[in-house]
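Right, one structure below, let's go through it.
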Amino acid sequence: MTAPSSDLALEIIELNKAFGGLKVTQGVSLSIRPGERRLIIGPNGAGKTTLFNQISGDMRPNSGRIRLFDEDVTTLAPYQRAHRGLSRTYQIITLFAGDTLEHNVTLGLLGLLPSRWQMWRPLSSYRHLAEDARRTLDSVGLLHLADHPVSELAYGEKRRLELAMAMAQKPRVLLLDEPLAGLSDNERGTVKSLIASIPKEVTVVMIEHDMDTALDLAETVTLLNYGRVIVDGERDTVIADERTREVYLGA
Amino acid sequence: MKWIASAVFAAVALWLPFFVGDFYINLASQIFIAAIFALSLNLLVGFGGMTSLGHASYLGVAAYVSALMTSRYGFGHGTAALISILGTVAMAAFFGVIALRATGLGFLMITLALSQVLWGLAYRMSDVTNGDNGITGLTRPAPFGISLDSAASFYWFALVVAIIAFVMMAIFVSSSFGSSLKGVRDQPRRMAALGFNPWMIRWITFVYAGFWGGVAGLLYVYYNKYIHPTSLSTTSSAEALLGVIAGGSGTLAGPAVGAAIVLLLKNYASAYVERWNMLLGVVFLFIVLVMPTGIVPGLQQLAARFRGRWS
Amino acid sequence: MQFWIIQGLNSLSLGGLLFLLSSGFSLIFGLMRLANLTHGAFFMLGTYLGAVALRAYSGLNIWVTAIGAGIIVAALGGLFERLVLTRLKTNPLGQVLVTLGMSFIISDACLVLWGGDSIPVPTPHNLQAPTRLFGFAFPTYRLALVGVAVSAAIVLYILIDRTRLGAMIRAGVDDRQMARAVGIPVSRLFTLVFCLGAGVAGAAGVLGGPILSAYPGLDADMLPLALIVVILGGIGSLFGAFIGSFIIGFIYTFGTMVPDLGYIILFLPMIVVIAFRPQGLFGRLSA
């Protein structure tokens, strides 16, 4: 079965997922072009993070397909998708709290390298990894904290670090799960400009449940509710659509 | 600081047989064996975050295979050791696949169940294992023609093996693989998202830990010249686990210290207290309730507080 | 033919005993997320108590003894839970280790109190004569055991599924924090369930006496069987424990007829189930 080659970065076809009787994803289909900035919005419980979990491979859908740059990745494990250019941040901070910032980023860099299997040279001897890590930290303004443990970081700084780790792998598709959640106005500005500065070649898909905060970062918007795609299209069209108002006013 | 301590330790260890009698030399040999065993378990517990209650399987199987190969099938020690280690590693590979279908408590239960089945087999397959009588009359190897029958010569042999084991495990732990292992212990989902294969990392560690458990088993059977099903028992696994926890699973040397303490306790206590098992149970309760992070971290904390008071 | 019938009944009665043992384990694991490694020792303690009592007082009713021993073991379990386990709420590994330590303490205490020899337990007089059905003779006591196990299963089912207490237990299993939030006294529930599990194990120990005898190491023989049953049947599922117990009862009885390697046969269903369904046949929780 040769599917017609498409030029989509991420294609989701009729995705379905249910937990027992609870349907969390119902017939979701998305087409995301390379370099696009897509925002996925919806009230709490709409199934946004569950959708992300299926895209990243943390959850298996009951039916449907997921294609990453025309390759079917539906049955691939999360680490295999990472090797195909998929990167993701999480809603809850999942950094290595007891380790330094440099170590965190170094791990991020190591994940795609063959030397991650190597058992006889100390990690600290990989000088170029350390340099790359520091360079990455510098690009998000955290170099001065490179040798501090992550536990000492402020919440906003942790978010920036997460972003840095995701970007360090030079992904083709970046999934950001509520990157602005819980940030103060100041911190939000910093993180937003970081997201805005992501290279154009990288496809960015973002989840936010607060519509206003992330809108100016998005080109296209998908509105999810009860696991279904309600509206999908150019940002301004979706905002103007009365179904969008309904969902949010009703929520 | 760590290098000074290691150097002092090495110096003392090297010259020990010239200063103390056979009883203490033998005790020290046993400590080395227990230390290697505890260190191998700690690869799983402390660095891998996988608590196993079946580690005695690897010690016991290696010991039994060596015993059988030499006493019953007439193999030389070198070949027997090779077959022993290969067999133990193969078993670890197989058990790892089964046990790693679960994590946490499920993993613990599966390792316990697997090791108990082995223990039961050791008792019941008396045609092969001699059951409750164990296998006696074994010999020690003579590497490069050097006899290990004297207490001192075995001691130095065990010391060399222990140093090699310690160094190799230290290298393993600080390598990139070791860092990925610790990462998987702390944040498995994040590691998977970054491109690491958590299952494979855990499985490889499981097999490597089984390898060193087997090495400890060979030393064990060479030292005792005897093997009995109790070496495969949960008590045996539990003693190692107690050593790891008492010494502190977060450090590399901690489990070795803990294993030494457990062994000394066992030796001295059995002179005064008949019930070692009961004492072991009480010590477990005590350590877990009072010193959950272990003795070595506890001492480190005390030292830090002392330094704080002096400055 | 008679032989196979007897073996079949032996399997059923062993399965029944295993169910009584592992139902407690499964409940404790399901609600408290605790792998109670003391469970084998609780069983053994019951067997010893029953053995001593029944040999000392020949007129003693075994069912009453079972209940009595069950209460004693339950009390011991409750003390342990209150004094030790509650202090380790944040240390699940520590909890498992203390149950291991406790099992060493209990098993060694039995050794001290009652010596190293196996103590056979007399089958109750009124159940010694075989029952004749369909032309075959069935050892009556084993029949009674199966009956007791099935009754216990029904009682437990009603307790868990149909009473308010059971509803609270199920709520606690599903979502501990939520249960607390709606006012369910979770820590008292934990103590109650632990006592219940320990008590049933102790009572089962008494009932197992005539078949197994009281001997040092009984705990180490029974605990892995309970573990295998729970792994096989699925954690948190009483029904799974029921089915698993009888499967293991059959495999163990027929397997150990084969000398030497028969014991390996216990491995196989566990490995097969773990390979294809790691959550067990009927499990709802992942470990």
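Note that the chains take the letters A, B and C in the order they are written out, and that residue 1 is the start of every chain.
One rule holds in what follows: a residue touches a chain if its C-beta (ideal position, glycine included) is under 8 Å from a C-beta of that chain, and two chains touch if they have at least 3 such contacts.
Keep in mind the model is a prediction, meaning the values are calculated, not measured.
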Sort the chain contact graph into one of these: line, ring, star, complete or other.
line
Report the pair of chains linked by the most C-beta pairs in contact.
B-C
From chain A, the most remote chain by mean C-alpha position
C
Taking each chain's centre as the average of its Cα atoms, which chain lies closest to the overall Cα centroid?
B
Chain B and chain C have mean C-alpha positions lying a whole-number Å distance apart equal to 32
Here the gap between chain A and chain B, centre to centre from mean Cα coordinates and rounded to Å, is 42
At what distance in angstrom does the C-alpha mean of chain C lie from that of chain A?
48
Touching at least two other chains at once: which residues of chain B meet that condition?
none
Spell out the part of chain A that touches chain B in their complex, as residue ranges.
56-58, 77-79, 82-83, 87-88, 90, 94-98, 103, 106-108, 110-112, 115-124, 126, 165, 169
Under the touch definition given earlier, write down the residues of chain B that touch chain A in their complex.
171-172, 174-180, 183, 186-187, 189-198
What does chain C use to touch chain B in their complex?
29, 33, 35, 37, 84, 87-88, 91-94, 96-98, 100-105, 107-109, 111-112, 220-221, 223-224, 227-228, 230-231, 235, 259-264, 266-267, 270-271, 274-275, 278, 286-287
Quick one: which bits of chain B touch chain C in the complex? Just the residue numbers, please.
51, 53, 98, 101-110, 112-114, 116-117, 119-121, 124-128, 233-235, 238, 241-242, 245, 275, 277-278, 280-285, 288-289, 292
